[in-house]
Amino acid sequence: GEKPAAGPKGNTAGDTIKIGWIGSLTGDQAVWGTCESNTLQMLVDEANAAGGWKGKQLELVPLDYRGIAEESLTAARRLTTQDNVIAIIGPNTSGGSIALTPAVETSGVPAISTVGTNPLVTVTEDGAVKPFNFRVCFIDPYQGAVAAGYAYDVLGLRKAAVLYDQSIDYSKGLTEFFEKQFVHMGGEIVAKEAFNAGDTEFKTQLTKIKEADPQILFLPYFFKEVALTANQAEDIGLNVVMMGGDGWPSEQLMKMAKDSLQGDYFVNHLDYKDPAVADFNKQYMDAFGIAPELNGYLAYDAFLVLKAAVEKAENINSVEIAKALETVEVQGITGFIRMDAATHNPVGKDAAILKIEGDEYVFQQKYSIVPVE
Amino acid sequence: MMLQIKNLNVHYGGIHALRGVDIEVERGEIVTIIGSNGAGKSTLINAISGVVKASGGTILHDGKELAKKPNLIVKEGIVQVPEGRLIFANLTVADNLAMGAYLRKDHDGIAKDLEKVYTLFPRLLERKSQLAGTLSGGEQQMLAMGRGLMSDPELLLLDEPSLGLAPLLVNTIFEIIETIYKMGKTILLVEQNAYKALAVANRAYVLEQGRVVMEGPAAQLAGDPTIQEAYLGKRTT
Amino acid sequence: MNVTFFIQVLINGIAIGSVYALMAVGYSLVYSIMSFSNFAHGGVIMLGAYIGYYSGALFGLPIWAAILAAMLGCGLIAITIERAAYNPLRKRNAPPLYYIISAMGTSILLENLIVATIGPNFKTYPPLFTERSIEIGKIAIGKLDLLMLVISAVSLFLLVFLIDKTKIGMAIRATAYNLRASSLMGVNPDTVIFIVFGLGGAMAGVAGVLFGMRYVVYPQIGIITNKAFVGAVFGGLGSLPGAIIGSVLLGIIEVMASAYWSSNLQNLIAFVLLIFVLIVRPSGIMGVSTEDKA
Amino acid sequence: MSQLELKNVTKKFGGLTAVGNVDLSVRKGSIHGLIGPNGAGKTTIFNLITHIYEPTEGEIFFEGKPIHQLPTHLISRAGITRTFQNIRLFKDLTTYENILTACHFNAQYNYLDAIARTKRYRVGEEVLRNNCELLIDILKLNDQRDILAKNLPYGYQRRLEIARAVALLPKMLLLDEPAAGMNPDETIQLLEIIKQIQNQFDLTVLIIEHHMDLIMNLCDRIMVLNFGRVLAEGTPQEIQNHPHVVEAYLGEGGH
Amino acid sequence: MNLSWYYISGILIFAGINLMAVQGLSLLTGFTGLFSFGHAGFMSIGAYTAAIVTSWLGAPFYVSLLSAGLFAGLISLIIGRLTLKLKGDYFVIATLGFGESVRLLFAFLESIGGARGFTIATSAHHTSLFDVVLVNAIGLIVMVNLIHSKHGRNLKAIREEELASRVIGIDVFKYKMSSFFISAFYAGVAGGLFAHYLLFIQPAMFQLIKSTELTIMVIFGGLGSITGSVIGAILLTALPEMLRFLNVWRFVIYGILVILIMILRPKGLMGGQELRLISWTRRLISKRKGGQA
């Protein structure tokens, strides 16, 4: 057993503060991973230009894990002991974020997951919090519930259909809580269809959904498939309000399926008109020539959270930073983040509802809800 | 000189299969190579055809260096009927014969030769559209021979053409060899049936462990006691 | 559920089947000659999608010209791959397994080459038709689906004609069986292999562009060819009509499973059915048993 | 007493009758020849006996028991094995390994013995190696023992086929053109070898050959096939002078 | 650079886990001539079996490994019964179908976590480098002894020439089944080691690419060589880590290296040869000079 007995000593920063990052630079998640690492490098450069943290320069050690969970563990073993990082940001999947737990617990280095939404990223099966795992994103239940609440309450829709990716936990989680909330409030799920990651054809599922005649179609997955779904729905003449989660917003979504998505909604963390968001967007655009993905925003916030913890901790030591992370509070670009010491999840983050109109994501309102258990 | 082989060497990894072989074939003659198993006869034929690479030596065709690639060598008119037949099992008998005439453009000539092959081997005509892979051993041998004839070669390299043939057909094969010879073609014949080979050939070479150990007019070798002992067997009829 | 629903689902099945078919033809062509599963085919399809995208986006070529460019480009790429990764093996008479590994290496190489150079981002073709589908009563048929089906059928017809009826086709078949023997007939094996890989690559090019138009382009789209391989096996390896029939059938089975049973099990059912088809017909639907004579 | 009996055996390929209503009986301890023109159905008969092909009709008995429904490997277990006209060696194994593999019947040890290297395993392997050495000696393959089968010259490949078949210590050996590709001298050597192994291993031999020297000197009885049917059957003397055989197979002056 | 043992041992553990699966696959591919694209499926069956056995039943780690192997083996008997009659690439594609089916099935089974994965009880034993080395050592001895017996030779005969194997009395189907069973058993054990090292498993870890990577390791090392498999598994597991300095180019180079090995050493690194060292140790173990190749 590699469980710490007296607790690990952790890593202490030397001349520079090393920050590890694990994410996909290759493999089928590379779009998202690349955006994270770009964002972080940009932030590190910016911080260094401003004199670093506590007078020390920062250094980012980015490691690719191809989106393969077990490689995340090997990478974490290296970052924590060979590169002596004081914290790890990433990785961009729940599987990878869970897999590195033994390494961060053995060496006492906190890991802040960007988009690992599975509850088990930060707590064990029996609900105990994992001391060195954190995240800055929503966990599944919340977004799903928000979407259901908004559809029922605000849009006044009663018959919903869901199409989801059954091979990824993000999509399954959203579906589960959307369904629970919507039914709890009095709505009806008239159709629930699934596909698997890598599929590109959804027409048959959509044909079945069309037969069920819903008022709203919930699409809790990422923009590539969302765009294909929207276009194919158009192909078979299914005209219905569509709604999704934070997997939607992307420049690519608009390129691929703007026309098919007019008037549809998604739940997000941020309002794109917000000055902080707009600034970051512009900065990123200038540096890399394309718009950032959602992961960029979350990497941004993970960086801010880490910075706050480093400032709060007495020494730049990873175990102390982990302690500090438990109570950190920052205004991120995805909203206000207060870490919950009992779950290591951000709490109090508002959800924003955005609508696609023309070329824009139009902010509708902030919306929060207490999800049903 | 139609074919002039000088100091030919072939290696298979560590095995030295041909060791400085010198052989000459005059236009319009039948030359036969005899030798026991593993002597290097097939290797020699394959080296001429370009399917095994020589590690040394030269092969001249009409005084000029012979091409190196099998298909170019066929283009020069040197065609092999390979040992173990190597027919196209997945093609029909007719397609196999058509493959023999692959490089030919003279449609009339092809049609005539096809007719000739079918007269020589009526069995092939019967089995025209059967997949060659399901032919009996001897039928495959007939097909290989027929396919070789379809290419209308200048120099025909025959590697054990009577292999697996019934006695009657062995006779037929040697009659065919004589017919081709009379048409003015040149033949290099490798045969185990040394009696018949020496009977039909003008000249002969004896290959032993990759070396030419004896050469001369076929009739003279046939009468040589050492040859009789080693290759013709002590006859017991 | 009613008849229109059934017909709509059937059409969806044929549509997705024609995507698989287009990919399967090139794969099956190479299989029929070289007797090995060219797992780099998916990579070449991916490159085809990129070539089509850039010739449209950068040079503003019309769609037919983009397809031609992709055919040409992919043909050359396939030939290059053959030269670099397979030809040296052929020279040493390596068994088919080695080709497969070399092909896998190639496919890893191609995917990551694009990630490292162009980047992992998605690329979207401009829409080809403003109206995406033709509607007949309550049934909708995608125009792009129709185009793909027509292209698969036409290319099948041309390839079958080439292989079965022409002299070079005969040489291709002969070379497929025994390279050495066919070179002893005067066939230049390099020419044959050039033609086969060139055609296989060109087919990958068409498939890539149409795939890109229909969906989206990114470095991992080659993965989808796994389904095409399954389709080809369904139909019988090495048989071109088999590849198309098998692929379309696979598409129909998938959507039917999804429509009348459960979309959760769609892929599972497809794979389980694959195994059962093989148990009943060990050489696929159109394949011939290759048991040789003793 | 007849060891192998074919009763009214027929094999059709589509419309073609490759073997038609053949009755054959081979006496224990004899050497029986099977000759006939190319495509007469000789190899097909071997394929039927070893159940590589399913007979269309008829029955086959070995030592009184029906074998036409047994799978191939059980037929060889019952004591019949063969060589192939189109050589089928284990190409990437050496001569020694080819023979050693075929000896496997002669050692009785199981997986666990092999894994634990028990005494039974060691004794068994010893037996196999000794068998193997013996065969290499008899068939004069000593110089070829470490050469991969695919690299052997044609004649040696044939000899190795025989060695591999004999390694099973069968009761009956089916030889399909063992002398193909051998010159007369080598054919005579082969004749001696066949006689020797027949004697030493107490074998019954059924042999297909086109070399008449070999057949006439070796066989006790000969059956001649033509177009899948029995044309003649008898002693070498009878066959040699049988007018139909001369006409259909041997040819005038053929011998 | 100061290499960390914690990091290196992490790589070695994965190498050992892969090696266990590769050993089995080597028997199947290198010695029997059957090519499988579904061994990630057997690995996942082993992983889930072992995880359930320790987490739910509280059984000891080594018991869980044994049950992982046996259960994967059991499934292989069913799959083998159905598919081993298939020839060449048909068998390959059928195993591919099997591997994908297993993964989709696990993703579908909510009782064991579905796509979200299965977490192993914290009380369970965690795979250590020692475990991996021990299990592999046992696996190697068994494998080498098996190969150098008549059983191993019969498998090679089947690889070379099926018809002739039947004629010399080898029950081809039965031998293929045993080979398939043993390889699945090894893959299952590898899965058990894997699960208890990561302490968390999900179906997405057992994609087609895992099967193909295992196969690449076997062939890279050299078909028909156990030493080759050892080298192949270790080298190819470590290679992506060693190439980290190349950043996004590392899998470009990885792909090129795979091709280069096939071209330059067309029989793989070891190509049917065994490293001397191994036969020495083997001799030491069996104490008698018997059992030469």
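For reference, chains read A, B, C, D and E in written order, and residue numbers begin at 1 within each chain.
By definition in this document, a residue touches a chain if its C-beta (ideal position, glycine included) is under 8 Å from a C-beta of that chain, and two chains touch if they have at least 3 such contacts.
These numbers were taken from a predicted model, which means no experiment stands behind them.
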A correct list of chains touching both chain A and chain C reads E
In terms of mean CA position, the chain most removed from chain C is D
Two candidates, C-E and B-C; the one with more touching C-beta pairs is C-E
Between chain B and chain C, the Cα-mean centres are separated in Å by 43
Note: chain E sits from chain D at a C-alpha centroid distance in Å of 40
Expressed in whole Å, how far the mean CA point of chain B lies from that of chain D is 29
Here the gap between chain A and chain B, centre to centre from mean Cα coordinates and rounded to Å, is 75
Multi-chain touching residues of chain E, meaning two or more other chains, are 104, 108, 163, 248, 250-251
Chain D residues touching 2+ other chains are 43, 52, 84, 86, 88
Within chain C, the set of residues that touch 2 or more other chains is 112, 115-116, 264, 267, 293-294
Touching chain D in the complex, chain E uses residues 141-142, 145-146, 148-154, 156-157, 160-161, 163-164, 166-172, 178, 272, 286, 288, 290-291
In the complex, the residues of chain C that touch chain E are 31, 36-37, 84-85, 88-89, 92, 94, 96-98, 100-102, 104-113, 115-116, 226, 229-230, 233, 237, 264-265, 267-268, 271-272, 274-275, 278-279, 282-284, 290, 294
So, in the complex, the side of chain E touching chain A is made of residues 1-7, 10-11, 14, 104, 107-108, 114-117, 119, 121-122, 125-126, 194, 197-200, 202-205, 240-241, 244, 247-248, 250-251
Listed in rising order, the residues of chain B that touch chain D in the complex are 12, 15, 34, 36-39, 42, 83-84, 123, 134-139, 141-142, 160, 163-171, 192-195, 229-237
In the complex, the residues of chain D that touch chain E are 50, 52, 71-74, 76-77, 81-82, 84, 88-93, 97, 100-105, 107, 109, 111, 113-117, 121-122, 124-126, 128, 164-165, 167-168
